[in-house]
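Note that subunit A is present in both complexes that follow, paired respectively with subunit B and with subunit C.
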Partner chain A sequence: MTKQIIVPFGPQHPVLPEPIHLDLVLEDEKVVDVIPSIGYIHRGFEKLVEKREFTEYVFIAERTCGICSFIHGATYCQGIEQIMGIQVPERANYLRTIWSEYSRLHSHLLWLGLYADSFGFENLFMNAWRIRERILDVMEQTTGGRVIQGSCKIGGVRKDISNAKLAEMNRDLDSIKREMEELTTVFLKDDTVIHRTRNVGVISRQDAFHLGAVGPTARGSGVAIDLRKTGYGAYGELDFPVITDSCGDCYSRCLVRCKELFTSVDIIQQAIAKIPDGPVDVKVTGAPNGEFFMRAEQPRGELVHYLKGNGTKFLIRSRIRTPTLTNIPPLVKMLQGCDLADVPVIVLSIDPCISCTER
Partner chain B sequence: MKQEQTIIPIEVGRLIGSVEQFRNEGYRLAQIGCTKVGDNSFEINYSFDKDYVLQNLRITVTAETEVPSITGMYWGAFVYENEMHDLFGIQVKGINIDFKGTFIRTAIRYPFGVSVAKEEKK
Partner chain C sequence: MGFFEMTKTALRTVLSRPATILYPAQAAKRTPLTRGHIIFDGSKCISCSICQRKCPAQAILLSKEAKSWQIDRFRCVMCSSCVDTCPAKCLSMDPVYTAPASAKGVEVFTITYVKPPKPEKKEEPIQ
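Then we have the complex of A and B:
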């Protein structure tokens, strides 16, 4: 019998922007088992909900993540609005959708850069992040913040985008789209990239589903789950496909994200074409009394904000289930049987966001 | 547009049978979450999704109640069950990967649980 050894991977590792620890059980160069471990940076955000008024907690919810921050804030607001029966103006719904898709673009481009870095393609990393800067510029111009926007509030949004600016964003997206076409061609057609990602970290459709995979991790294995199809925000009025692939390997997960970049551009352009004029917020009175499981599609997959209020200005519970937490069991499955050298690429392929997970 | 969801309160003894039914009907486990609703009373919601409809099984327990693990049916549930134990002090029996309190490293034992509630009252 081959001798087994345990190699610790993380929490400090060149490919890990955030700390997760994996005990890799190896037989020679093959990974035969994996024990994941988190909890290095748990911040107890959820406890803060008992100390901050529900209207202020938006800022804390948004800080759950430094990448998909806007979507956290918007999901929290939508959950409270569901409990309180608040009807948000249509324009606010469209603006939330536009900013959410910009967040997705910036997140996917960030991931593509980190992913390229994980297999040593530095130039590709820099190109992905160069395009991402253009997305962040728009976020900053329209909300005042590159990463934390603070533009969402219960009852709508804090800031409007002028129609002239929306038209300019629409034109810019055409040029961003051309740059993304060049970028994604390398990820999907370059031999060196394919060599490092095809048939690596495979997870079947059945395993992905039963282990609770969400987002591109699930869709890369053919599980067509995309919470935007529930129609929250303005998504119900926009036409877009759920991108899937069937191979379930690192390449498929990358392919899904590459295609989703263009879906996001299309969604934003549709939203800009359809956005109605009008107010962007409504006055909110009273306090939430009830509970709701608000779900949204983050760049990494399904996000759940469970909110429970008792009629006072302090909620009694905010439970945030982030996509990375539920993508950890599928990651364990992907790593079993892989080569040690492929571990960084496979770990990156689920787009782990540990700060989100350790809310 | 309101997302469809239902909450079904059940006894702890019926948990395994009910989860098994969801599994057999092709539901995906969306999350397990715990809420402290009294000094020593916790609600645990098991959320299952099928076709974007969320069904939530709810059990109400104390910190002393032994809750059976559902990892036999949903292998990936160990992340939620370890989290419930480490943050709330819920006793979950039979987890497939039991970290025994080390999944989430906290400075305070069971920070969302009973001991902290007592400290806050003082």
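Then we have the complex of A and C:
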């Protein structure tokens, strides 16, 4: 029997944007087992909910993640609105949907860049991020924040987008779409990229389902789960497909995300075409009394916000379950049996967001 | 096939302007909505301290006795919650980012607002 050695991967590693520690048990160059450990950037957001008024906690909920921040804020607001029975104006729902999809675009483009970086394709990384910058510019023009938008509040949204600006965004998306088509062709057709990603980090449909994979990780293995199909926000009135692929390798997960970019563009354009006029917020009085599980689709998968209030201005419990946490067990399964050199690509292929995971 | 796609992109990049800006020499991109830093107008502040209570980062401290309003720029998260809730509209958001500093500290402003005297009631003649 070959001697087993343990190689630490992280918490600081060139491919990792955030700290996660993996102990890789190796036999020669093959990974036979992985022991993950987290806990390097815990910030105690769930405790902070007891110390801040529920209306101000939106800003803290948003800061759970630095990439999908808008969706965190929107999910928290929707949860509180469900507890308090607030009916949000239609226009606010559409604006939330538009911003959520812009977040998804920016998150997927960020991921494509990091992913290219993980297999050493620096030029592709820069090209992906150049397109992402255009998305962030629109975010800043409409909300005032590039990454932390802060435009969601309980009872609606804080900023309205004028119809002229919406039309401009619609036109802009067409040119962004053309750029993304060129970019995704490289990810999906280039021989070098295919060589590094095909049949690497394979997880079967059964394993993905039983280990609780969510988001593109699950959809890349053929599990068709997409929380947007539950119809929260304005998604119920928009038509879009759930993108899946059957192979379950790194290439499939990349393919799902590449196709989702175009789905997002399509959703935004549909929403811009359908958005009704009217107010963007309602006045909120009272305090939440009750509990609710709010689920939403983040770029990385299913996000759950559990909120419980007792009729005072301070919530008594908040629990945030983020997609990366549930994607770690499938990641361990994917890594078993792979080569050491493929570990960075596989770890990146689940789109790990560790700040989210530890909150 | 992917190779030719990259060539097209590369050629376009060579011929177009750079996507980045030379930051300290050129001003950073900003929009009218950009949340840069909070501006305080001491002549309008009515010392209600709502901004202090609504600040999720606890960056604002208002003292009625000392007639001072102070902000810790390092704590402020630029959410503009105080700007939205200020009843006297003495706070506003400026799109220019806070300048970098070499030491931490708070900025103290004096509240110069003077409550206008109530119009005196006309004494009614005692009947």
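The rule is simple: the second predicted complex is superposed on the first by the 359 of 359 C-alpha atoms of A that agree within 3 Å, B and C clash if a C-alpha of one lies under 4 Å from a C-alpha of the other, contacts with A are read in each partner's own complex, and residues count from 1 in each chain.
Following the convention adopted for this analysis, a residue touches a chain if its C-beta (ideal position, glycine included) is under 8 Å from a C-beta of that chain, and two chains touch if they have at least 3 such contacts.
Every value quoted in this text rests on a predicted model; they were computed, and no experiment measured them.
When both complexes are overlaid on chain A, the residue A:E302 reaches subunit B alone and has no touch with subunit C. In the superposition on chain A, A:D190 contacts subunit C only, with no contact to subunit B.
Once the two complexes are overlaid on the shared chain, A:I350 sits clear of subunit B and of subunit C alike. Once the two complexes are laid over each other on the shared chain, residue contacts for A:E56 go to subunit C alone; subunit B is not touched. Considering their complex, residues 1-3, 5, 7, 28-31, 33-37, 45, 47, 49, 52, 54, 56, 74-80, 83, 86, 97, 99, 102-106, 111-112 of subunit B touch subunit A.
Those residues of subunit A whose C-beta lies close enough to touch subunit B in the complex are 35, 37-40, 42, 44, 46-47, 82, 209-212, 225, 227, 229-232, 236, 291-295, 302, 304, 306, 308, 316-317, 319, 321, 325-326, 328-330, 358.
Put simply, subunit A touches subunit C in their complex at residues 52-53, 55-57, 59-60, 63, 123-124, 127, 130, 133, 137, 140-145, 148, 150, 158-159, 182-183, 185-186, 188-191, 193.
By the touch criterion given at the top, residues 1-3, 5-6, 8-10, 13, 19, 29-31, 33-35, 53-56, 77-81, 84, 93 of subunit C touch subunit A in their complex.
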